[in-house]
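Following are the structures in question.
Two complexes are shown next, each including chain A; its partner changes from chain B in the first to chain C in the second.
On to the complex of A and B.
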């Protein structure tokens, strides 16, 4: 009866001196996989024009229905090389399941996913999780 | 006369400060030890390695909303957290922590008062802490605290008895109830060598008295929410916590005095280190052992707890007393 009790004490004492497997999160982050599916980014081409041509494939394929997209024409080819841009491009991060289908579906590579997983938002309510086009274009971190 | 009063007041102040320090850093030690045993880091944010965490905890608890349960028995509800801390503070008065020293021509005993029934006093005072738990459980007017309080009452009665019986062996060997006499007796050899069984029984009974795992049935989180302090918040909750860790400190101190040679150094070539430091070192060791136990063993079931107490520990304690008495008669004292 006493043997197993002592064995238990030995096990826990051993663990006291093992290095912790947790990390000090805000200061120290775990490395993420190269192909980690995190926050989306809408790409620009070399001339700074939007790659997205508002074909709507990402919206159609999205299993969670998180993407809202309205197209618009761009006759002067200022903002797009095909004359068509997404007027509205919104991702509802309270619905997004980060499956990456939108990235697979996009024929022009206009939407990609980054390794950024820090998507917490302030305040009550989920409105903050509704991200518009500006936010999706925004450059954050080292991209 | 006045000087004597001042000396006692200073001693009390120092002891109280040390006790509160132990309480504050006891909570931190608990979290650190539990963290490292579970391969985590524990508190790390406040100060280097989380050393200021107790301060942050205290401030947080101070600013929390003080909720009083609506249908509670108000007087007992307020009284319970106050009682929780009392036994520990009363008990520090009789714990010796060093040899007498001479300061400015006065001989000062490093104990607040060396009464000749110190151990009886300790047992009597430590029984007080059950009132805090039972009052807390009853006055909250809520089913989980009540169950916790009831369990606690039964557990206290069972283990108080065993605690008392385990100490009997030591008293028989030394022939005195005074803690100072008991420590003096251990100058050459620790009592744990003469009374190993009593030491083990004492530690088990003390853990049960402190309501700590594996005997934390009065506040078993998984079945009783928070047990007797479910309905308490803010500083009232903090008082219960204060009481728990203060009781732990005092129980460890008593264990050091009774079994681990008090302020005497374990080996003669280290005897140049002052007694109080040895005392604190041993106290920390026993305190750590209590933490270590908590994060190793799962909780007893209620019937197991009672069976363990009455069917195993009680006979063992009695056997220990009989064996001690037998040896003393046969060999004329140990």
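On to the complex of A and C.
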């Protein structure tokens, strides 16, 4: 009876002296693969204008139906070089499956996925996971 | 009958059939740009080239008539090659902006390139760059994208009888567009946008809002006039964003009111909660509270011996009229209901023809008492069609017709208020009586009338009596019809007047709206229910309306917006738009059509039939157990098959007050006619304010210039307006625009749409 117990304890104590595989998140973070598909960012061009021209392809290809997009005209070409911008661009992160199809579909490279995976939201409910255009333009971390 | 073989399929077709039509019969697809089933074939684009055995060259399928024994190949290597080349040539100047273009998803060029094109571009030259032209609030023209099929130009020529939309320059520099206009809004502009196979002409209202594949389309019936065109309502997330007209029936074309007049559905000023008056305020309440309050107050009024009346817009569905009528008659016990809020005094009558095709077949037309292009625009196109082709001749007795006068063989353009005098004179001419005295003061020459009478006797005409005719005018017109052996086609205002009449939504005593309002003033009627119409905008006596509404004990208004009528109300109930509820409507040929619900009503909005049902429940005498509008429809169908006798309305119209210098007709501008056009932003931009129009010669005589600001004086009331010169206005008269809920133009009137006015220049 003592034999198996000692055998088990040997494994336990053995691990005490091996290096740990967990990290002290959030003080310490694990390295992320270069092509990791984390949260989306909408890009700006060199002049600071929006690249997204609201063509709706990301919305059409999204298998989870997480993207909502309405366009608007920008007749003075201040916010877009083609005169068309996304008036509403929302991603519902409670639905998004991070497949990256939207990035593939985008004809102008306006939407990319980053290595940022920290999407935890405070409080109950999923409302906080509904992200609007301003949030998607925001730069976070070292991007 | 020629026999041909198309891609191995043998078919026998009537002589004169084109290759394209023969191919369509056997189900072989031939791509086309310039061909359109409702326009004359032109053979411009060369997209439809096909190979015929034994012919040295490829032939355009849309204009080549088949001949016996032809063997046609639509998919041979030569044809494929030709198509690839053609698409490549088109794409040389076509910008690659499908992600931006609104047409993407329904673009014929896009589809053809995918299907028949080669994914290559060998000529990398800078394409033409024409500026984007914003042609007013309705359409945007981008010449870059044009494939020069000229469908829009041909529509403008063939159907509209010519506008300044044309083809300019030549060869590869060809451009299409208006010659001198900056604003292009020509009543039927929507069709040009719909005809464009690419995104060269796109809607300014829908511009960049969303993509076509995100819209759910529901079949419905237009709510602006009683032609009742089928519409496909494109909805997304409870917003009506685009309207399409995909059927060739009743007409392949629709007007701008149908195509663009839907913005009020999504208007931001819409009130979607019930309001109840508390002192000087209207406070939001729940539907239950509001219905209980209304039912309680109405019950109180009825028990204390007061009368209750209901005035309802002629644009609603039969279900609404049926249940509201039952509620008023059976539960409230009222005898005063009406739908003729536009100030008419006639009831609908059975028509002489049963379809627009029947109208198109006629050899001659006599149109009296209505500018058809304003109140029945698609009917005007049908009438114009025969005249344009030279098959039919058109005779008009209409003051200031703005569209058909171009096609008229004889146009009697009487002074405002004199249409019926001229009609009487015409009847006398046909009866061989003396008529010269009748024409005095009408500005119509005897020759015109003589020629008209002669023309009418030679060919069998279709007689169209407009909505402006009084009951006496209708009798006269029927007299003229009897002499010629024809029953006239009488038109009414509103998209479902016939349905309202058939559902019995009128006073059994034959009282008109004027009588009801007078009874409100005298205090006999104490409670009034108004639905979906601003009385101050549409009833031609603003003073009477004001007096009546302020004299009431209790006013309920069921509407979508805060109109002036709502400001007088004690309770406001939110109404639905035509897209939010189904129902049956009856068109001008007494044809019942089903309207479908495109999306669910916004917030607390309710259709009228639900209001009636709710009120009857709160009253304690429920009308029945109806869940959806489909439950009411069988009752409507039953009522539609019954014959309804109308009360006589002769003698109900008081003579027009035409004192003053200039007799004036108060008429809607096209973009202001119809339902709730005050809340369609594009239309408001097109016609922002009322104006006076004069004949140029007469205007010169009076010393005015086109574009002057003038003061119109009626009964000491002064209205400051712009003045324009138009050729169609009769000499000596004026046409003043109406249909503005924010401009009290109806205060100038006394129950009829005619009035004598005085004009003088405004001091700077």
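FYI, the second predicted complex is superposed on the first by the 134 of 143 C-alpha atoms of A that agree within 3 Å, B and C clash if a C-alpha of one lies under 4 Å from a C-alpha of the other, contacts with A are read in each partner's own complex, and residues count from 1 in each chain.
To be clear about the criterion, a contact is a pair of C-beta atoms (placed from the backbone, for glycine too) under 8 Å apart; a residue touches a chain by one contact, two chains touch by 3 or more.
Computed from a predicted structure; not experimentally measured.
Steric overlap between chain B and chain C is absent once the structures are superposed on chain A; the two fit side by side. In the superposed pair of complexes, A:84 makes contact with chain C only, with no contact to chain B. By the touch criterion defined above, A:53 lies against chain C but remains apart from chain B after alignment on the C-alpha atoms of chain A.
Residue contacts after overlaying the shared chain place A:8 against chain B, while chain C stays out of touching range.
Judged by the touch definition given at the top, the superposed model places A:18 against chain B, while chain C stays out of reach. Closest contact between chain B and chain C, by C-alpha atoms in the overlaid model: 41 Å.
Across the two superposed structures, the residue set of chain A contacted by chain B and also by chain C is empty.
Residues 97-100, 104, 207-211, 213-214 of chain C are the ones that touch chain A when the two sit in their complex.
Interface residues of chain A facing chain B in the complex, by the touch rule stated above, are 5, 8-9, 11-13, 15-22, 24. Against chain A, the residues of chain B that register as touching in their complex are 33, 35-41, 44, 292-293, 295-297.
Interface residues of chain A, counted against chain C in their complex, comprise 53-57, 59-60, 69-73, 82-84, 107-108.
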